[in-house]
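Two complexes are shown next, each including subunit A; its partner changes from subunit B in the first to subunit C in the second.
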Partner chain A sequence: MFYTIIEQVVNGIVSGSVYAIVAVGMTMIFGVLRAINFAHGEYYMLGTFGAWFAIEYFDLPYPVAIVIGVVATAVIAVVVGNFVMQRIVGAPAEAGVLATLGVALILQNTVILVFGGSYKFFSGGYIEPVTLFGFTLAEQRILIIIVGLIVFVGLELMVTYSRMGKAMRAVSQNIECCAVVGIDVRHIALWTFILGAGLAALSGVLTAPVNVSVYGGMGELITFKTLPIIIMGGLGNVRGTFVAAMILGIAESLVATYVGLQFRDTVGFATLMLVLMWRPHGLFSAQARF
Partner chain B sequence: MTIELSRRGFCIGTALIGLQTVSSSAFARSEDGTVKLGLVAPMSGPNARYGAFSLRGAQMAAKEINGAGGIGGRKINILAGDSQGTPVEGVSATRRLIDQDQVDFIIGDVSSSVTLAMQPVAEDAGVLLLNAASSNPKITYKAGVGGFKWTYRNYPTDENRALIVLQYAAEKKGFTKYAVLSVDSDYGRAAIEFTKKYLPRFKSQILTEDYYKEGEVDFRSVLSKIRDSGAQAIIMYGNADSTPIVGRQMMEVGIAGKIPLIGNAEFNTEKTIKAAPKALEGAIEAAAWLPAYESEKSKAFVDKFTAEYREAPNNHAYVHWETTHLLAKAIDQAQSIDREKVRAALSKIHYASAVGEVTFDDHNQARLPMILLEIENGKPAIKGAYSAEIDYPK
Partner chain C sequence: MTTAESSAAPTGRDLRIPFGLMLIALACVAPLFLGNYPLHAIIIALIFLLPAHGLNLLLGYTGLLSLAQAAFFGIGAYTSALLAVHFGTPFYVNFLAAGLVTGAIAAPLGIPALRLRATSFVMCTLGFVIIGQAIAKNWISLTRGDMGLAAIPKPYFALGPASFTVSGTVGFYYLVLVIAALATLAVYLIVRSPAGRNMIAIRENETLAESVGIPTWYYKLVVFMISAAFAGLGGSLYAHYLTVVSPLTFQMYYSTTMLIIVLGGGAGTISGVIFGSLLFVGLTEALRVAPELRMIAYGFFLLGLVFWFPSGFAPLIGRFWSFLEKRK
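What follows is the complex of A and B.
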């Protein structure tokens, strides 16, 4: 009994790590651009497709495929960032919603048009199970947890010490003041967006070996999993996002085991509603961004 | 007054024209000396692939029949109607085929929900609706002594499948304790509903019951619950795309090779087995037909279809090919294309299909064997064709 609970918590931490890497990008984009990126799951999908393409068509090893998936997504993010995202800085909220929804549809359908709508089989990665402290996990999942930790520590260091990180924090707090003191807000917005999209792609490439099936519409589910996390974590709050992602991952895992798998997807929004009743601004303050 | 009269005149005139159309159309039907066969299937939309296979299967059969001189001198003429996989479009396509094209018989649809919507339309028009690919048991619960006398089905039902899988698992494998992991849809839930109906017959029980949403990617929590539950097999009725994920995660939680998957979720495709060979080993599946099925007639069909269309046939191509031949035999035995006579001939038919003899029960449901296969050494091994008599609700 106790063993099972611990095992489910470990499972939850693995799922939480995936959610965290995707959600942190989305929350940073919100912090700087003040727009919820409804196309965020599509960058997760693009990263996975990039890696799948590299393995399937060029027979490249998985580590190289990771780099290709992330770089390809970053290149697309540069284009989308220049044409769409930069223009919604300071625009009304609905402009951001519509623009990102539009981008989501275009990206999704372009991939379906180019690669077809059927499910693809992702053959790379490290899927052999290993036993650690009596728990069995695929090597890939251990990789996910390690990368998740590296990403968060790296982001923490970046926003605290680097010039770009400090600028991101500044823009997320007050766009007008930043503009007045000479910070190039559009430039910061673009880079934040590219970083966020790249992280989503990284998460996609890392989970592809354990999720096996790759298809054009796979990003939608991720976007809707990520939404309650970033709201719960306090929109724009990086540390809050990490904690919220872990809470959701573990809660989903326990619900799937003790209530039923069919209720798993309801956990996110149910938890969100409970949290919002108690703390309308989310678990963590939106003021303490980054 | 004059207006009154002309209105009345207009009404009478219209009625007369209508009457003439009706009476002439009764003769128009198949007066060109062909058998007009309507085929309703999803020709466009997300399930268009199934429709294309269905049409090709039926067209190949028509070509064969026509090549051999037709039925009593009449050639089969197939008229396709597009259901787009939706009940609304399926009903309009059926109406068009009946009212405008004046078809003699209809085959359709692939999707159960479309077939269910087509049934009353065919019944009102008194047109024989022969279904070749829908598996929902309700279709024949409602047919024959259940109500609709014009609906027939030449395809095994989900109930058949559930019973056959359970019977094989209990009798050949000795399983009595099961875990359920099926897709959360009418298909997945109905299959389990029927499985439960037959559990007492095999002194078996379900220990855990979970349904996954389409697109679900994390099954580990449920699989570890299943591992600890003491289940001997996992009953899975689901989608082809989820099976490899489940297989891989079975390896992770350490139940691959210990607790097999049984049911129907494309366990036998090469890609799925390749994704998780250890987990798929011992998987048991019941299918209406498989290209690999060892029978002379089946093999000849696969070869001919592949040569004709330069791609291997799937289940839908086969069932529509076989059903067109079945209907042709009924027409031949009736010695007429009179719907009532053909219907009577169909009820009494003994037709030698590629998987075994087809006869119809009092619910107009074909008594059909299903092909049972088990994955052995990474390859599907066909264990034979199994039949089961349906226990209709009273």
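What follows is the complex of A and C.
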């Protein structure tokens, strides 16, 4: 009994790490562009498809496939960022919603058109089980947790010390002032977007061996999981997002085991509504950006 | 968003009335020269017009961006279907019950949701859709889960001993046409009333509206309920027209569609929303080449709409009107 709970919590931390890497990109995009990116899950899907393509057609090893998936997604993000996301800066909220929904439709259905809508088997990854402190865990899951920690420490260092990171923080606090002091806001918005999409792709490639199957519509579910996380974590708040992602991952895992698997995908929005009733600005202050 | 209504010159009235009468006459005789398939498309457009009118009241007039229309659409469809299948009640009972139940359900949902600011409100309303779908899928004893409810009777009216059933596309077309016309009239009356002016005041500046004594909270809640009721009525028609409902009735697709109709036609204008619903149906029919290509084209259409016509296509029509009038 106790063993099962711990096991489910560990599983929850793994999926929490995955959600955290996806959501942190989305929350940074919101911070800089002031737009909810409804296409965010599609970049997760694109990363997975890039890696699947590399393994299936060129027989490349998994680590190389990770790089290919992330780079391919980043290239697409450059195009989308240039043609769509940069124009959203300063536009009304509806524009952001409609434009990113449009991008989601285009990306998702192009992938389905090219590769077909069926489920595909993802064969890469490290699935050997290892025993740690009496718990058996697949290597891939440990890798996910480690990469999650590296990503968050790296982001924290980047936004605190690097020039680009400081600029991102500044833009997320006040666009007008940044424009006045000569920061190229559209340039920052583009790079934030590429970073966010790349992180989503990384998370997709890391999870693919655990999920085993890959299909064109998989991004939508991720978008719907990420949205409550970023709201709960306080929009544009990186640390809050991390905590909210962990809470959601663990809650989902426990609900799936003790309530029923079919309720897992509603946990996010149900928790979100409860949280918003109690704290309308999310669990963490929206002011503490990045 | 406000430009559309005012861009038509006041002299346009003498042109508008004959044009409107012509349109009504055309709508009445449409079955004479339209085949079953185009008629089916127009029926769908008129059904979608109801939730779109609701969303327009909320987004176009009160300034609240909501993605919950699909949830209320689904609740209305299920209410109507359950009544018809289990109790065999006549159509008008199901139809009105769908509107009332949906409006009533919207109240407890709206009270917490409307406390939230822009983005959080959007997400919360999106959550209603996701949770509604989960309930429709998992409350199997009531909704039969993924199998959905089938064999919903075609609308039938029973008044005393006399009763008749609306069967066939033409009959349904007239039924939907009448309902859509009544709904449009209702929206027109709401918008032209002092309440409508107050709604616009809330959209333009909520703090200012509050300070001049408009009970903004009360207005937002009531408009949210009315918009939900409109969506529920549309869902009821949809259930009786397709004669099946399934958890797929709760889909983001419907919320997106309503948003496209309202924003594409021109939020904050009634004629814009009517035009938007016809435009949307025309678009989906024109794109019926292959489902994937259709959705890709749909996506590009959305981007074009956002970047080139940020206030919808209604201002274009307004410009066309003034062009016609100048030539007179």
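The definition used in the following text is that the second predicted complex is superposed on the first by the 290 of 290 C-alpha atoms of A that agree within 3 Å, B and C clash if a C-alpha of one lies under 4 Å from a C-alpha of the other, contacts with A are read in each partner's own complex, and residues count from 1 in each chain.
Here is the rule we go by: a residue touches a chain if its C-beta (ideal position, glycine included) is under 8 Å from a C-beta of that chain, and two chains touch if they have at least 3 such contacts.
Not measured: the values here are computed from a predicted model.
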Is A:I106 touching anything from subunit B or subunit C once the two structures are fitted on A? First, second, both or neither. second
For A:L98, decide between first (touching subunit B), second (touching subunit C), both and neither. second
Touch test for A:S162: subunit B only (first), subunit C only (second), both, or neither? neither
After lining up the shared chain so the two structures overlap, which partner does A:Q262 touch, if you call subunit B first and subunit C second: first, second, both or neither? both
Can A:P228 be said to touch subunit B (first), subunit C (second), both, or neither? second
Contacts for A:V84 in the overlay, against subunit B (first) and subunit C (second): which applies, first, second, both or neither? second
Greater subunit A contact set [subunit C / subunit B]: C
Scan A:N174 for contacts with subunit B and subunit C and give back first, second, both or neither. neither
Determine, under the contact definition given at the top, whether A:T136 touches first (subunit B), second (subunit C), both, or neither. first
So which bits of subunit A does subunit B touch that subunit C touches too? 117, 260, 262, 265
Complex contacts: residues of subunit B adjacent to subunit A: 46, 181, 184, 209-213, 215-222, 224-225, 228, 240-242, 244-245, 248-249, 251-254, 271, 274-275
Subunit B partner contacts - residues on subunit A that touch it in the complex: 4, 7-8, 11, 15, 117, 119, 121, 127, 129, 136-138, 141, 207, 210-213, 215, 217-218, 221, 252-254, 256-257, 260-262, 264-265
Enumerate the contact residues on subunit C facing subunit A in the complex. 59, 65, 112-113, 115-120, 122-124, 126-127, 130-131, 134, 137-138, 252, 256, 259-260, 263, 267, 290, 292-293, 295-296, 298-303, 305-307, 310
Enumerate the contact residues on subunit A facing subunit C in the complex. 30, 36, 84, 87, 91-95, 97-99, 101-106, 108-110, 112-113, 117, 220, 224, 227-228, 231, 235, 260, 262-263, 265-266, 269-270, 272-273, 276-277, 280-282
